[in-house]
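In what follows, a structure is listed as structure tokens, so that the remarks can point back to it.
Lettered A, B, C and D in written order, each chain numbered from 1.
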């Protein structure tokens, strides 16, 4: 059980196939990821003040059942790996009304500073690192 | 006759009505606008080096005929007003194959620096100002 | 006082100016609009079953203060005009934490069937029409 | 050597990190994919008339160097697998001016009809199948 965020499918997110465009699931992953970090107990603002960023270096998604306009969507975000300068999260996308799994995916990130240079996150932000460590599933 | 740029409608840009989503025309306006500025004879790089930005303060669009997937689209960009810290451009969106007018719109901008503070563009960038002045239609 | 919907600014919605891209406000208008129609007492499903669509024929937006990543946004949707085959809505976009008005805009729509042919909505869907009529501000 | 399509990075496609948002690379894959199919010698219109669609069932992307606003981008699309009801394409995203590889990815698709039911493409569209077969790399 990770961290659940809900969104409602927007008309904008559909395409002429009548379902959500495949590239838009990555926006939902991002929404889930941000909520995940927002809910940390340690000072996340500390990261923002220092302009720590988490660019994606690898991502992927499998599509099982298409999401449709107006569907309530649950984004289940899990931390699965954390080492050195890297972090990996996994996502499951559910349709809320019947709990159907629609898609699943992952993102791998590297911790960088505002100049997009990798930083040793473990060393620089020990409190957050430790909290994250305890959340790995 | 303004400045013509062409784009091809992407699947991503359609919605489940089978036509281009209304909000995506503003991206085409932006594409036309950037090409418009790129083609200036005076040093546009000068603006970039100094981080001059042109945030939109007002925009609008009228939709006449829906654009569809794979349509070749012509964006006709015209400069219509230039004064003090402001500039206004107009756009016409045509379907290339039969020259049908699909939509028309405008954007009003203010010249700002990288801190989003308005600047007196006329004074600071006289050459570009003069060139723009000669292009008003 | 219209109908309030809230959204949180997504990273995807920002651009390199560090604020929400101007074209993305139209997606928020759409979100507000759909919630507005969802909350009607008369059977909105009736419209969906019959594939009544509301393509936008005109829109506009004024930008006052830029929305930023992670801002909680309130979309205030009001019905302002309803006649024959047309309907007009107005939107106000507020930042929730300090109630600052960020932008305001409108959309004009025409009622069409699934073949995008205009329909006389007043005649065909009297109940919904009457309810909408009572909501004009 | 696959099939090359070029696009120019739009302001819309950037995010506040100052680079192209990770989810937008999938739109470029789609652009490359459509051009790939457009260039087939056999009648692609035949597919459209019969409403053959190619929904994505799996995708992934690795990001090497960030694409930036106004970059000219080359999308290199290759067909790598074709069997039964499935097809897989690979994409390489280059920055045109210095031929730097920015990202690489893939999409797996299933051939379906307009009701999103899988179809035996090999059997139903032998000509196109054969042409595709000869293009596998």
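Just so it is clear, contacts are C-beta pairs under 8 Å (C-beta built on N, C-alpha and C of every residue); 3 or more make two chains touch, one makes a residue touch a chain.
Since the model is a prediction, treat every value here as computed from it, not as a measurement.
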- request: Return the chain whose centre of C-alpha atoms lies at maximal distance from the corresponding centre of chain D.
  value: C
Query: Cα centroid separation between chain B and chain C, in whole Å?
result: 25
Message: Please tell me the distance, in whole Å, between the geometric centres of chain A and chain B computed from their C-alpha atoms.
response: 34
- prompt: Which whole number of Å gives the spacing of the CA centres of chain B and chain D?
  reply: 28
- line: Listed in rising order, chain D residues that touch 2 or more other chains are 11-12, 17, 19, 23, 27, 30
- prompt: Should the pattern of chain-chain touching be classed as line, ring, star, complete or other?
  reply: complete
- request: Show which residues of chain C lie in contact with chain A when the two form their complex.
  value: 8, 10-12, 27, 30-31, 34, 70
Field: Touching residues on chain A, where the partner in the complex is chain D
entry: 17, 19, 22-24, 26-27, 30, 53, 55-63, 66, 107, 116
Residue ranges of chain A in contact with chain B within the complex: 11-12, 14-19, 21, 23, 69
